[in-house]
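Quick one: the structure is below, and I'll ask about it shortly.
By letter and in written order, the chains are A, B, C, D, E and F; residue numbering begins at 1 in each of them.
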Amino acid sequence: MKSTDFARLYSDVVDQLSDYTEMKQQGFFHECHNSDQIPSAQALREIRDLCRALIFPGFYGRPDVNCHTLKYTIGVEVERLYTLLVKQIAASLSFTCKTGVTAIQYKQKAEGIATHIVESLPLLRRTLETDVRAAYNGDPAATDISEVISCYPVIKTLINYRVAHELYLQQVPLLPRMLTEMAHNETGIDIHPAASIGHHFTIDHGTGVVIGATCIIGNNVKLYQGVTLGARSFPLDEEGHPIKGIARHPILEDDVIVYSNATILGRITIGKGAVIGGNIWVTEDVPPGAHIVQYRTPNPS
Amino acid sequence: MKSTDFARLYSDVVDQLSDYTEMKQQGFFHECHNSDQIPSAQALREIRDLCRALIFPGFYGRPDVNCHTLKYTIGVEVERLYTLLVKQIAASLSFTCKTGVTAIQYKQKAEGIATHIVESLPLLRRTLETDVRAAYNGDPAATDISEVISCYPVIKTLINYRVAHELYLQQVPLLPRMLTEMAHNETGIDIHPAASIGHHFTIDHGTGVVIGATCIIGNNVKLYQGVTLGARSFPLDEEGHPIKGIARHPILEDDVIVYSNATILGRITIGKGAVIGGNIWVTEDVPPGAHIVQYRTPNPS
Amino acid sequence: MKSTDFARLYSDVVDQLSDYTEMKQQGFFHECHNSDQIPSAQALREIRDLCRALIFPGFYGRPDVNCHTLKYTIGVEVERLYTLLVKQIAASLSFTCKTGVTAIQYKQKAEGIATHIVESLPLLRRTLETDVRAAYNGDPAATDISEVISCYPVIKTLINYRVAHELYLQQVPLLPRMLTEMAHNETGIDIHPAASIGHHFTIDHGTGVVIGATCIIGNNVKLYQGVTLGARSFPLDEEGHPIKGIARHPILEDDVIVYSNATILGRITIGKGAVIGGNIWVTEDVPPGAHIVQYRTPNPS
Amino acid sequence: MKSTDFARLYSDVVDQLSDYTEMKQQGFFHECHNSDQIPSAQALREIRDLCRALIFPGFYGRPDVNCHTLKYTIGVEVERLYTLLVKQIAASLSFTCKTGVTAIQYKQKAEGIATHIVESLPLLRRTLETDVRAAYNGDPAATDISEVISCYPVIKTLINYRVAHELYLQQVPLLPRMLTEMAHNETGIDIHPAASIGHHFTIDHGTGVVIGATCIIGNNVKLYQGVTLGARSFPLDEEGHPIKGIARHPILEDDVIVYSNATILGRITIGKGAVIGGNIWVTEDVPPGAHIVQYRTPNPS
Amino acid sequence: MKSTDFARLYSDVVDQLSDYTEMKQQGFFHECHNSDQIPSAQALREIRDLCRALIFPGFYGRPDVNCHTLKYTIGVEVERLYTLLVKQIAASLSFTCKTGVTAIQYKQKAEGIATHIVESLPLLRRTLETDVRAAYNGDPAATDISEVISCYPVIKTLINYRVAHELYLQQVPLLPRMLTEMAHNETGIDIHPAASIGHHFTIDHGTGVVIGATCIIGNNVKLYQGVTLGARSFPLDEEGHPIKGIARHPILEDDVIVYSNATILGRITIGKGAVIGGNIWVTEDVPPGAHIVQYRTPNPS
Amino acid sequence: MKSTDFARLYSDVVDQLSDYTEMKQQGFFHECHNSDQIPSAQALREIRDLCRALIFPGFYGRPDVNCHTLKYTIGVEVERLYTLLVKQIAASLSFTCKTGVTAIQYKQKAEGIATHIVESLPLLRRTLETDVRAAYNGDPAATDISEVISCYPVIKTLINYRVAHELYLQQVPLLPRMLTEMAHNETGIDIHPAASIGHHFTIDHGTGVVIGATCIIGNNVKLYQGVTLGARSFPLDEEGHPIKGIARHPILEDDVIVYSNATILGRITIGKGAVIGGNIWVTEDVPPGAHIVQYRTPNPS
């Protein structure tokens, strides 16, 4: 038997929660009339899985792919990826748009972008191969390249990021961020899709790493867990809102290494080959080749 | 064919693992006679999803809710949430209880608490709207309020926390912690359900943040990833067990900002408007308006 | 209607992505002719769940197990675990092996190892009980031993690690790392399966903790979130690849405590009973009983 | 290891099975460029379940619906049914159409039809209530009206049929037949959606009953299992194909009873109140009130 | 965009469909306040699967059960079956009851009945073994007893029927009929749970067989597909409703064979060893040992 | 709380049900040590679905297959079908075999048979196309060839039967019968896999049709629902068991039509072009071209 108290307040609570007029004005209620206009988390997971399967077949996706079946498998997956991308890109465009663009216009635009993404896959695979190579070379505990591809969180994260970055460059809203957040959730590595990252990039362990939206990272860079590449402060507009689109995150030139839990803030430049020690807080430029470490550990008391 | 070795030891291992007398005495075996007396992870996930759908309809839950269907949708979800809450609250009361309370008494108590939680939803929504607003205003990379609600880990975490905190205030055991651990697992942000947190609260990125059980956080506070609000030490009782229930975590007054990886320990007070720099270790009070940062980064060697 | 552009490039992209000759040479394409030769993520999740259910019945697995049904339940689960382990161990051996060992030889070897793992379960349970005890005694916020077993990320992680470590000692490739990565994903705690860890071990909160492959941790050790036990540097061979198998991570003797975000690097020894403060960077031996903390927080400016 | 034989013929078989030119000409290959243009079996099952839930709430659909929640539940279900119907009707129109109608035109037509179906639900419920009443009154083994609604195959079949018939009247292709085939599969009762059936209709047991496309059945008619209301023969056109659209199945006037395994063929009329005995073969008109039975069972030899 | 027409009528339809006052009076709306009070189709399927697994282990349920694991497997399944039965029996009692019995009283009654059912399983297995034997001996196409147990619809049907009959004898409402309808749906064989059937019973092929509620069938009886054991007519009470509980179906003594599509109606007796030919209509007693067949097939015209 | 009665008898019942010695002797307990030795219902459903998708692409399987993707899709499906067939054929051989054949020998034999089945697919498709054509030409209610392929139970049944028949010809045990029983369950049409059936075969409606193991059916034959092609009697061996392998079912020559519920029994021949009326019982040869019907319906009384 249901409590009398609940029965009494039930319709009241429903009425309050359904009174969305104010919410809607402020953007807290998202109303739509077409379920196809909303990016779907389920579809995004499938997109992620297909990208992994296409980039590293045999490690992700169908496990028993071989020389006879590879082409058929890739053929089916590319088509499926394209179909999913068109729908999710169109949904993202539609979800965030304010004006009266038609569903068909969104779809056509989405087809063009999805075509571009699919076309980029071979190049993305080559770049990700350099990332695998960097992870393997940088970790004495890695026994095998298979282990790196199958287990290392950095590889999963970079597949999501590199696809998301392509979507970002095509000015797709929402979707790129959802893809990188999916990786953030899975691995604890939070890379903004707008960040620019070179080849042979790796992150060891990775939990807690943050790479901000306007970061520029060169080639052959290595980060450890807990590293923040963040913003120090940001100018506000007259209404007190942060001004968008200003470069506010660091530039890491080629061959930089940053040890665990270091925090590098602001639009500064870490020069080529510099090494940043762990647990430190860097807010000024570091010249090429420099090694900086935390102020010496005090002698044990 | 199964190995002979395994066949030989099979019943031995089963016997050893089934010998629970000692385990039970020490609390390592949980025996019950009624599967309804145990909180269910599956039900908790559904509770979490319903709370999200009720607080931010259109962003979570049914994607295509609109002005015609909102009320019906809310009506079904509120009823479902109530039913699930009654069962899980009763299970939690029953799971941890030692004495001979009847199932019916637990159910009646659970109905009262579930009624209270449902009644709190409109207020929880208003508070969470301030959190969304704070996240949006504090992040130049946020392009849209939709992106914040859909993607930002802090929002997912705070929905779980704010509901868990209500359950904690009603003295429900186990369930509140399971809810916040579910968010911890998802986002890497670990907020104890007993902590007290004001409105307009936000956490950027979030991975690695820890907010202890006796923390008191004012309004308009912002944390970055990796921040710990922890305990420095705690008194033990005569048997060497920690004494429960002593205030041992920091108080953050209104408008405090704490940068990434800072560690603030003990029952100290960070005064109104203070700013704590990243990667530092704070164990003493900080006056209102103060700015403290890590000892200056040494010049590059 | 599908965009003309996509139709035009479709078979081109499929051809490029299917041209695996070079990938295969470098280890980026994994080809096999037998789906049983590949470790399955689904099977690993079931192995994890069975281990949890066998170690802490009533808390994990069937919720309503009781004195009448415990033995039957354990009997079914042990058999199921053995069957799954044989298949996944054989798959791991097969996946990474280069030479012409037959499937039957792998299976026989896998049966021997799976038998050993199952035989170890009673001892693993006793060790994990000490870990639960340590977590409970070390956390004033823990209201009940049930809460620790059900909710604490450290317990979930240690079940995975302790089973993975047994598999590692039996020289099973890939599988141990997949098990610990599964826990890393779930809890943000990254323990390499090769690390050696004593009894009564606990980690509070845990997100961001990294414990490297050659660590040796004594009994009764406690870590907080964000602690790194890592390598400082590692020698390269003539081709610039890291030399495998050199001890390069710290030794923590009994009774050591390490606070949040501390980074301890290299083959150094932290002596018995030492306490390492948070947010610091330790690269030299610490004598028994020492307390070291971050250089004093500067006075607020 | 895969057999050499299979590897040898693999691409041959794939080539043969992919050579669809001839198939397509004859209608054996259905090509489309949009997965939304095909009726989905999964969606049809959901439509069926929603119709059942809307017609007999509490017996089908959410089991715990009550006076507080009924309206919200119905509101959500009606909206969901409408959405599904629009998509499946549009898919059916598109699937079978030969000419260049646009997707938008199909969608608009589908919206009109779905609106009509939803509008018909209250009337369909009233008719189906008379069917339940007839089943209950006609079966001494029925202990309760609940048992009839929950268990009797005739009720499940008639819900599908009566909705399918409405769709048929709106000239929706394919979908009506898929709905009645779903019931045929479930209950063994095969009612063509084009048949016309009055109120208070029932079928006892039902397996093997066939009711042809041009049947006209009055009110208060009862059939038993295995009854065929079929066509005797049908004229062919010049190419030897059956001429469509000619009335060729029986008319059963009000109050007719037909016992098990009777076969009634051709455009004949079974007059009001007639009773047709089991296992007979009727190909000529039967006057009102007549009782016909199988030629007398011979005396046992 | 949703059609304007639908928006206009939406709330009207919802209102009409939600107006249940009249429906409820007539039994067409089933309202409850506790989802545990309703038999669940999902739970019934699990009950069916468990009964099959317990009666014929190795053929149904876990496929790899062997001499080491059989007892543990049976132990878990018996417990699970009991738990499910208690809940579904209590739900059935509660669903159909009109008066104010408490949930606890239903549960206690259900426990007694479930205990009885479980206790009957060994005997049910022995009877079903005779049915398997009869099916095997009666079918030259049966190559193996394994084929009979695994594939023959009669065996699946009889497991459901024999369990349902036990439940019927314990006066459980609704549940027995739901179990036999589940088999009817699966195999096209419709046996009323109240019918009484001896050992060594078999039905060849089976589709379309109907066995009425008051049938009494001896031992060693064989039916073919399409056979009806039905009622000829039944007396009505003063309100025109059929009078319940009167014997109105046939008695088949031991060793009777009935060929396909024969219809046997009314409370008549088919004597020991009689053989009834196919496609005939029998409404009078048949003496022991008699052979009756359809009136001779006319010579071909 | 569990009833005391159940607790008392629980281990007794488990012991009785686990005592399999006698069961095993009689074939009622199937023990195995390898879960791969048992045909899996789940795998069989996937085999069925793949066969349908390969035979009629676009109607079954992936709905959106088109000229670009057909070959890739077929390639993936053929490989998957082969893999599943090898495993299930090997399991069937192993399940029913009594002697000491090794798993590898079964696998090699299974590979040969699976290769043959896959090789037969193009021919099976051509035969099934004639069946579709026959169904379409024989039914004035069929509006479109799409409707026939998508909805008609006869087509689903014949796909299963024609594949099962190939497996039967290769002397695979159990599997062919499981495939045809799956169709029997779905459509009520029971065709023994050993029966031999020509091209352009169709069955209208179909529920209740039985086609026995030694039937021989020519080309261009049409059956209606409820038709039995059965055995009249069969000789027993000295132990009273039916003698296997004797021809005992009818031969239907080309162009025969059999109307609903006719029963044709024994090794008789229905001559070319004969027409058998409904509801009759035929046990003697029928000459070519003959029309036989039920003894005239008596005039209505």
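The definition used in the following text is that contacts are C-beta pairs under 8 Å (C-beta built on N, C-alpha and C of every residue); 3 or more make two chains touch, one makes a residue touch a chain.
Computed from a predicted model, the values in this text were never measured in an experiment.
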### Query
Considering E-F alongside C-E, which chain pair is linked by more C-beta pairs in contact?
E-F
### Maximum centroid distance from chain C, chain identifier (CA atoms)
D
### Query
Given that chain A is a copy of chain B, what angle of rotation, in degrees and a multiple of 5, matches their CA positions?
120
### Summary
For the copies chain B and chain C, the interface residues, called same if over half of the numbers are used by both and different if under half, are different
### Query
Just how far, in Å, is the C-alpha centre of chain E from the one of chain B?
50
## Note on the structure
CA centroids of chain D and chain F: separation to the nearest Å works out as 25
## Note on the structure
Note: chain F sits from chain B at a C-alpha centroid distance in Å of 56
### Message
Quick check on chain B: which residues sit in contact with 2+ other chains?
### Response
2, 10, 14, 33-35, 64, 68, 71-72, 74-75, 79, 83, 188, 207-208, 226, 261, 279-280, 293, 295
## Note on the structure
Residue set of chain D touching chain E in the complex reads 54, 56-59, 63-67, 70-71, 74-75, 78-79, 82, 108, 111-112, 114-115, 118-119, 121-122, 125, 129, 132, 137-141, 143-147, 149-153, 186-188, 205, 207-208, 224-226, 259-261, 277-280, 293-295, 297-301
## Note on the structure
Within their complex, chain B touches chain C through residues 2-3, 5-6, 9-10, 13-18, 20, 23, 26-35, 38-40, 95-96, 173-174, 177-178, 181, 184-185, 188, 190, 192, 194, 207-208, 210, 212-213, 226, 228, 230-231, 234, 240-246, 248, 261-263, 265, 274, 279-284, 286-287, 290-293, 295
## Note on the structure
Counting only contacts in the complex, chain F reaches chain C at residues 7, 10-11, 14, 35, 68, 72, 83
### Query
What part of chain A is in contact with chain F in the complex they form?
64, 68-69, 71-76, 79, 83
